[in-house]
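One chain, chain A, appears in both complexes that follow, with chain B as partner in the first and chain C in the second.
The block that comes next holds the complex of A and B.
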């Protein structure tokens, strides 16, 4: 198992190198330039300012030399460079934005898994009954509704019409100042014992997490339902039933474990999908996370920031997939790692 | 055991979630993080919601639309923009000035009672140091406004002498911008500041402020929020608001909802359409303020891009074919149509008289025939995925296509990302495109240097972008322009400006469509009247809490 993990981590290094080359080259071949994206219209017409700007950010050097400098900074100084847009270290900015996204993703996954599995089980147990039809409709909505549209719908309903949730951001700045912790405000509030802040943070977290998790929830519901129905028709379930076990005991103790193995794959894919939907949800709920950072980096051709975000997301993908692979083995002892 | 723990944890989180939804964040929350202001008065906190796009708080690097809102709160300049005007300067730290007969040497006397938030006195050496600091940041957008300064000196503690590279009637206006913010030189030097190049203070200035303005920057989390606290050492009249929080809200829907629920007190992201959503809201009002932002069409004179569109007669026909009334409807209340490149509010700025200078399809068709295109032609109109004060450029482009179809021009709309359009604009490779313009400083001189003809290294921004050459035929534009640039008598300057605009109207490669208003809304139960000033948007020190 340890050798397997080490080999996967080794492959991750190769993958990250590939990602860095690809992203660096693609972003440099976009038909625009950082000075066009970041200088004012007047400054852009001033050759003195443009030359000083290109020299400051090393844009006057050939692309391959810029890449070598970038890689040298990463490998030797452990430095992801300085953002052309903001002038701040990219690593520092990722440390600022990533906790917000991580917190949102984890809660979105929590909602997706809890509700997805529960809905899947109920649907399977009450197959073709009205409750099954309703839950199937919800899961189909989950996988088919565009996240930006669903965000606006949810916001209008719960923030404007019923006014029971805040409409955006991570906390109420009039009441709290949770800065100075890890940036994971839920954990910070718990570690500070500030349950009032915890409530406020969770209230702000709930709607964006719900929107973000809705798609994955739909996938998990459908997967759980179909797996459970398949498992329920297996011989060993029939045997369990013939021994007089209750339906609840059969489902929870015998069928669910096997039905959930493919659900883990779907959850892993769902987690990665969350990152794709993050930009819209973060924008609509004014969530200061990595999605917005990535968007701003891309539209401003902020090369160091684009590469930094890409490497971070690649690491997340690889780690999530590795965790899922390891989980297979934990859940299903028949799977062996070589 | 694990299952029990998970259940307990889930239950705890659900309880906390319910507690959070139970009123703590809803309604008009009066409590705040500031506690009491002293003397038994409750500290007042105001929250502003908007999308600032702030990327730095260093006045030497700031350029973003909301930069001066923060610069005006935390710093002083020699001159500041008079409230409610579009760039009229009034003394701030300076009390008076004289200018020599060459028009290049300005001598300013400073107030002697100004202290920085740190307690250090503000003297002439701080002004000199701050200006020299930006003069050595040639890569900064702020450098555009300061490069007119050849040298700056401090003959004594309260006198500053600027020597300009050439006479400039807009110098006082330039002094009102963030490029001329006065920094506490002793303090900034301790954090990497330098007036001789190699300045590294930006990182520190992004976390705090080193000025003498009415507020101090308390904290800033980019894309999240900025907190300003009242400066106890402020030399001017103090506001009754102790804390101002600028909350980044990227979605207009979220801003409107937060305003309705009392989570924020002012929102800045409205346009004429979204303003309808706040109409009728209890304790909320919306209003508009004049801005200097213009949207216009650019038609290149480069015949290799489009021989038809580059024809001056066709360009004139386009101006005559546009339905200006329709654009006013699209822009909403507060919009106007400028005659051409000088905004209303600037020296001699003229509006287009739609009864005599509006749409004239017959004349437009006659011009098309005279140009040799009686049956029209096809052209691509490039349009960035952008907006002007909330009005999408694609909407404008569709209206342009509709208007020009009536004189036989078939317009194919090409939509690109904004940075790509900027790059193509800079290279001058688009025959026809939609663009906007917001001045670097609020004076006609900025407009002259951007829109008059001229190519090459000494050319104007749009001279280069449209390949509009400076020739003997249009030299009169520059004769007038040069006079406007140095004329200090405002009445004479306005007259010259109007002559210039009328002459410009006869032949130019643009069609100016709209000068936009800024639409914003605020809670009337929390604030007295909120006024708008385009340079610093909301002047924070003038806010009065109820």
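The block that comes next holds the complex of A and C.
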């Protein structure tokens, strides 16, 4: 098991190297120039200013040299460069925005997994009964509704029509100032024992997390249902029943573990999908996270920021996949011993 | 009353859409304590469905069952699911045909055996594991301590079937149902598993129902045999008498189809024709299209199961009293 993890970590380094090359190349070959995006029209007409700008950001050097400088800065100086748009170090900015995104995506995944698995089990047990039909409608809407539209619908419904939830931002800035912690406000609020802040943070978190996790929840519900139904008709379930177990025990102890292996794959895919949906959801709910940062970096052709965000997302991707592969091994001994 | 199990007028239908198909019709049989009964028949003869219905493991929604299955004077078909759970694995245990897929791939062998012990006794986890180890040893599994910790995929088919037997024996059942326990195994392994089952039969106060299509196993292992064809009993007799003088043409055909050592034969004989489809049963005797002795009467009239003076039963106009 340990050797397996080490091998996977080795592969991860290779993968990240590949990603860094790709990201760097793609962002430099887009048919647009950073000076056009960042300099004013009058400055653009002055070749001297343009040349000075290009020299300042190293844009006058060949691409491979730029890449080597970039990698050297990351590995040796732990420096992801300086954002062209804001003039601040990219690493610092990522550190500022990432906790918000991490908190949002973890909660979105929690909602997706808890409700997805629960709905899937209920659907399978009450196959073709009304409750199964209702859950099917929910899960199918989850996988088919466009997330920007769903965000707007949910926001309008719960923040405006019913006004149950606050909209925008991560907390109410008139009442609280949760700075100075880890930036993961839920954890911070718990560690400070500040439960009114916790309530406020959770209230702000709920809708965007729901919208973000809705697709993955639908995916997980469908997958859990079909796997569980398949597993329930297998020979070893008949063996389990022949031992005199209650139906509940059979489902929990014998069926669920086997049914969840493919669900883990889907959860991984769902998580990656969720990172993509992040840009919309953060924009619509004014969530100060990586998604918004990435959006601003892209429209301003802020190369260091684009590369930084891409690398960060690649790392998250790879780590999530590693965790999933390890989870397989934990659940299914046939994989563990390969 | 020494009868452990009594099946009376069992009728099983599969429901598919609005269509019902009768797969077992008016089956009655009984089993004494410590008796080993063989149920023989081709695929589709209803023997596996019958055994599953004794355990009440048939799919509820698609199966309609009538009749009675009395076990220790309780009608199993009338028990609640909860009461049935106390009987399954405890009083009646079952071994299945497919050892490769009948064990849960994500639990250790030890856990899967101990689970049965824990379900039906007040044993602690430790005691249950000790019992599981003992059962593995009893079932002839070498290095039981190591095997306890292993997963099904690490064992061969024969070993897995031994584990299945260990699970079935976990609570000392009164009745063991073995549904083609050797069919999926290599011939040499088949012999080993059969030896093991014989040893178990000798040591324990247990009745066994052996479901098989292999007459060799029946001859070797059983006291009495019931031959099934298209969901009906066509013949029932003590094993020795059945082999010495089969009464039903189908049984005769089955015995005739067995290869014999020492008797050179060019071709193995086979019963002509095919088992008819459950939805398309021939008129009269179900076997008549394949029967070399069929008469006009067989084509028109369905023969009843007749009990002969010596206690043997046969469903044939011809067999009655002629032997």
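Here is the rule we go by: the second predicted complex is superposed on the first by the 326 of 338 C-alpha atoms of A that agree within 3 Å, B and C clash if a C-alpha of one lies under 4 Å from a C-alpha of the other, contacts with A are read in each partner's own complex, and residues count from 1 in each chain.
We adopt the following convention: a contact is a pair of C-beta atoms (placed from the backbone, for glycine too) under 8 Å apart; a residue touches a chain by one contact, two chains touch by 3 or more.
Because the structure is predicted, anything quoted here is derived from the model rather than measured.
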{"item": "Partner chain(s) touched by A:96 [first = chain B, second = chain C, both, neither]", "value": "first"}
{"item": "Chain B versus chain C as contact partner of A:235, first or second or both or neither", "value": "second"}
{"item": "First (chain B), second (chain C), both or neither touched by A:246", "value": "second"}
{"item": "Touched partner set for A:143, first chain B, second chain C, both or neither", "value": "neither"}
{"item": "Superposed model, chain A: greater residue contact from chain B or chain C", "value": "B"}
{"item": "Which superposed partner A:300 touches (first chain B, second chain C, both, neither)", "value": "first"}
{"item": "Shared chain A contacts, counted only where both chain B and chain C touch the same residue", "value": "none"}
{"item": "Of all residues in chain A, those that touch chain C in their complex", "value": "234-236, 238-247, 253-254, 257-258, 331-334, 337"}
{"item": "Interfacial residue positions of chain B with respect to chain A in the complex", "value": "10, 13, 16-22, 24-26, 29, 31-33, 45, 47, 55-56, 61, 63, 138-141, 143-144, 147, 202-203, 206, 219, 221-225, 227, 245, 247-251, 253-254, 256-258, 260-261, 263, 417-420, 422-424, 426, 437, 440, 446, 449-450, 457, 459-461, 464"}
{"item": "Residue numbers on chain A that touch chain B, as the complex places them", "value": "30-33, 36-37, 39-49, 52-53, 55-56, 85-88, 93, 96-97, 114, 152, 155-156, 159-160, 163-170, 172-177, 179, 195-196, 198-204, 206, 282-286, 288, 292-293, 296, 299-301"}
{"item": "Chain A contact footprint on chain C (complex, rising order)", "value": "55, 57, 81-82, 84-90, 93-94, 96, 98, 101-107, 115-116, 119-120, 151, 153-154, 164, 167"}
